[in-house]
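Below are two complexes that have chain A in common, paired first with chain B and then with chain C.
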Partner chain A sequence: MLPDAPELLSLFGIGVVLTLLVGFYSVLTSQNLIRTLIGMEVLTKGVTLLIIVVGYVVGQIALAQALAITLIIIEVAVIVVAVGIVLCVHKHTNSIDTRDLGNLKG
Partner chain B sequence: MLSLLILVPLAGLLLLNLPFTPAMKRTAWAFAFTVALAQVAMVLVAPAAAWSQQGFLAQYFSFGLEAKDLTRVLLLAIGIVMATTLMVGRSMITDDRQQFNFVNLLLVSIIGMNGVVLVTDLFSLYVFLEVTSVSSFILIAFNRDLGGLEGAFKYLILSAVATVLMLTGVALLMLVAGGTSFETVAAAMKTSGGITISQMAVGAFVCGLFIKGGLVPFHGWLPDAYSSAPAPVSILLAGIVTKVSGIYALVRLATSVFPASGAMNEVLMVVGAASIIVGALAALGQHDLKRMLAYSSISQMGYIVLGLGCGTPLGIVGAVFHLFNHAIFKTLLFVNSAAIEQRTGTTDMNRMGGLGSRMPVTGVTSTIAALSTAGVPPLAGFWSKLIIVIALWQAHDYGFAGIAVLMSVVTLAYLLLMQRRIFFGKTSPEHAGVREAAAGVVVPELVLAALTVAVGLLFPWVLNTFMLPVGGIFH
Partner chain C sequence: MAGTDTMDTMLDILLVWLLVGAAMATVMTPRILWSVIGLAVTSAVLTILMFRFDSPLAAVFELSVCAGLIPAIFISTISLTQRLSPEGMAERRREKWRRFGLLPVLVILVGVALMQVHIPLDFVAPPAAKETDVRNVLWHVRHIDLVGQIAILLGGAWGVVVLLKERKRAA
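Showing the complex of A and B:
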C-alpha cells in the first residue's frame, strides 16, 4: 500500500460510486434502448476506473493495466452485439422505445 | 492437454472461417460434433496424467488451467448437451448458411464454457463468462424475430449488470488480496475474510452470479430468454449455459475461494428455497410449454443452491449430482418440446392434446424426464434430491428439508399436468396428421432417456466414481 492510499481511494472512490449511480439510474429508468446501452457503458467505465485505482494503490499497476485493456476489448464485443440487436428491433417496430418491446410476459 | 479443450475448438473456428476454404464449410457440423463427442470420451477414458497441465502446449498457453473432479463432471455435461444441441440443430435448421452460423456460435459457446470450468483466476473467469454470454445473446436472437430480440436484449442488460457487480467484486478483492487468482484470494480470505471490504466484494460477486444463474429474485430474464429462443438454442441455454455461468461458478467459489461463513450459507439457502417455491408455483400457471420448463429450471436450480448452502460435504455432493442430473433431464424435456414444436408448429399447451399416440417416442421419453425431475425412484433425479434432503436433515435445517420435499410434489403436479395436456386425451383435428419427430431429434431423446434411467439404476457406481470425489476435494 502506498502512503497516500487512503486519500487516493476516497477521492477516486467517490468518483467511481457517482459514475456507477449515474449508470444504474440510466439503465433502470431510460425508455430508450440506445440510452440504456449508454448507461451500460457508463457502468463499465466506472468499474474500469475502480480496477485501475485499486491496481495503483496495491502496487500491481501492470496487472491492472492488463485487466483494464481486456475489459475494454470485451466491452466492445458486447456493445456491438447489443447495437446489432437494437438495429434489428428498429427494423421490426420502427422505434427504439422499450414500451414497444413488451410481448413476453407471464 | 487441458488447453486443448479450448484451443481445438478455437483453431477449428478460425480454419472454418478462412475465406479460401468453401469446401471446409461443409465439414463444420461434423467437426463440432466430433469435438463434443471427443470431450465426452476424454472425461470417461482419459488417464489421470492427461488432467495435468504440462508439456509443449503448457509452455505457450498457460492460462493456469486446472481440472478437479467437479470440473470433470461439468465437462461431461457440456459434451453431452452440446452433442444433443448439434443434432437437434441439424434437424431443425434447414438453411445451409444459417446452419454454418449456428455451428460457429456453438463452437464459441463451447470455448467459453470449457474456459469457465477450467480457469483458476477470477478475472479469467469473467472473460470466459463473457465469451459464453455473447454467443448466447446472438443465439437467442438467431431468427431475428421480435420475441427473440426482446429476450436477447433483456438477457444482455441483466447480464451487463451482473458483469458490473462481479467486476466490482474482483476489484475490491484485488484491494484486499493484491491479486485475482483463486489461490491468492483464498489465502487472503483466510486472514481478512471478516473485514467489511471483503464481505462487500463477496456479496457483489455472488449477486452477479445469482443474476447469471437466474435465481429468484433475479430471475426476470430467464423465462423470456428461454421461451423466445429457437428450439435448439433453448436446449443449450437450459441444459448447460446458465448452469455453467451461474451455478458452477457459485459452487466453485463458495466451496474453495470465498470464506465459509454462516451468513453466506444462510443467504444461499434462503435464495435456493425462494427459487424452488417461486419457480414451482409460477410453472403451475403457465400454458406455454417452454415457459413452463423455464420456470421449472429456476425451481431445480433452487435445489442445487439449497444443497450448496447446506455447507456439508454431503450437501455439496448432492448439489453437484443434481446439477449433472438436471443437465440431462432438462435437456431431454427441451428436446421433447423441440420435437413437438417441429411437428405442430406451436408451444401453446392449450392447443395440444392426444399427441401421445402420434409421437410415441417423444411421449415416453418425456414421461421419463418428467418423473426424474419430480424425483420419482428409481430415476436419476430421485437420488440427487434424496441426498440434498438428507444433507439438510443432518444439518438440522428441518424447515428447508420440508420445503424441498413439499415442492417436489408441486413439481410432480405441474409436470403431470403438462403430460396430460400434451400427450393424453383426444387428438385435436388441427394435429391429426402429426407424425413422430425426425431422426435427428428422436435419437438424442432415446440416448438422454437411457442416460437418466442408467444413472438412476447404476446410482452406487456413479456416486462412488464421480460424485464422492467431488465432496472430498474440499477438505
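Showing the complex of A and C:
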C-alpha cells in the first residue's frame, strides 16, 4: 500500500516523464522499424503508469484500471498490425531500415 | 510502522528507477533480442508498480499481455527477418553509441531538473460518481470502450490477414 505523500507521488510523476522521454528519444532516433515499435511500447508504458498514478491520486482506481486495460488491448492490436507492415516491408525491400523506405509507391 | 514506511518509500524509489533503467536498457542495447527482453522486464516492473497502486486486474493484463504476448510477437518477427553479418553488427554497435550516447545525459539532466520543481499531483477528482469495482466500471460506465476494444481487435486481426495474405500466382 502506498502512502499518500505528495512527494512520493511526484516521484512517480518524474518516473512517467523520464519513461516518456526515453520512448520519444527512441522513436525519433531509431532507424530500425522493430526498434521504433519497441520505442512506441516504452512510450505506452509511461502512459499506462500515468493513468494508474492519476487514478490512484484522484481515488478512481477502478476507472483507471478500466482505461489501462483498454490501452493494453489497443496496444496489442496496433503492435500486431505494425509488425505485419514491417514484415511486408521486409518482404519487398529485404531490409527493415527506415533509410531503405525512400522509394515508396503512392 | 515508521520502519515499514521507510522500507515502502525505498522500494517505490527503487522500482521507479528500475523502470526508467529498464526502459533505457531496452532502447540502448545493440542486440534487438536483448531489447525485446528489456521490454518484457520493463513491463514486469510496471506490473509490480500497478499491484502497489491497488490495480491488480490491470497488472495481470500488463503481465500476461505486455510481458508475455508482445515480446513473443516481436521475437517471431525478428526470427522472420534476416540476421546481420558480424561486420554489420559491429557497425550497428558504433552507430548505436553515437546516436544513443546523449540519452543517459538527457535522462539525468531532466530527472534532476524535475526534482527541483514541484509537480502538482494534489488535484481533486471530478464530481463524477465514484465507482470502486472495476467490473462495474467496465460493464456499466465504460461499456462503449468494450465495443471499441472488440472493433479494434477485429480490425487488427483483419489487418494482419490482409497484410500477410499470400497472393495467388498468375497461371
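As a convention for this text, the second predicted complex is superposed on the first by the 98 of 106 C-alpha atoms of A that agree within 3 Å, B and C clash if a C-alpha of one lies under 4 Å from a C-alpha of the other, contacts with A are read in each partner's own complex, and residues count from 1 in each chain.
In this section, a contact is a pair of C-beta atoms (placed from the backbone, for glycine too) under 8 Å apart; a residue touches a chain by one contact, two chains touch by 3 or more.
Please read these numbers as outputs of a predicted model, since none were measured by experiment.
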May I ask you to decide whether A:Thr19 touches chain B, chain C, both, or neither, giving the answer as first, second, both or neither? second
First (chain B), second (chain C), both or neither: which does A:Leu101 touch? first
Just checking: does A:Thr93 make contact with chain B only, chain C only, both, or neither of them? Give me first, second, both or neither. first
In the superposed model, which partner reaches more residues of chain A, chain B or chain C? C
Name the contact category of A:Leu63: first (chain B only), second (chain C only), both, or neither. both
Output check: A:Ile74 vs chain B and chain C. Expected answer is one of first, second, both, neither. What do you get? both
Mind working out whether A:Thr36 is in touch with chain B, chain C, both or neither, as first, second, both or neither? first
Check whether A:Leu50 is in contact with chain B, with chain C, with both or with neither, and answer first, second, both or neither. first
Tell me which partner A:Val83 touches in the superposition: chain B (first), chain C (second), both or neither. second
Show me the chain A residues, by the header's touch rule, that chain B contacts in one structure and chain C contacts in the other. 9, 23, 55, 57-60, 63-64, 67, 70, 74, 77-78, 81, 85-86, 88
Note which residues of chain A are touching chain C in the complex, please. 1-3, 6, 8-15, 17-19, 21-23, 25-26, 29-30, 32, 34-35, 37-39, 41-42, 45, 48-49, 52-53, 55-70, 72-81, 83-88, 90, 94, 96
Which residues of chain B touch chain A in the complex? 123, 127, 130, 133-134, 137-138, 141, 144, 146-147, 149-154, 156-157, 160-161, 163-164, 167-168, 170-172, 174-175, 178-180, 223-224, 227-228, 285-286, 288, 291
Chain B-touching residues of chain A, taken from the complex the two chains share: 9, 20, 23-24, 27, 33, 36, 40, 43-44, 46-47, 50-51, 54-55, 57-60, 63-64, 67, 70-71, 74, 77-78, 81-82, 85-86, 88-89, 92-93, 101-104, 106
Interfacial residue positions of chain C with respect to chain A in the complex: 5, 8-9, 12-13, 16-17, 19-20, 23-24, 26-27, 32, 35-36, 39, 42-43, 46, 49-50, 52-55, 57-58, 61-62, 65-66, 69-70, 73-74, 77-78, 80-82, 99-100, 103, 106-107, 110-111, 114-115, 118-119, 121-126, 128, 130-134, 136-138, 141-142, 145, 148-149, 152-153, 155-157, 159-160, 163-164
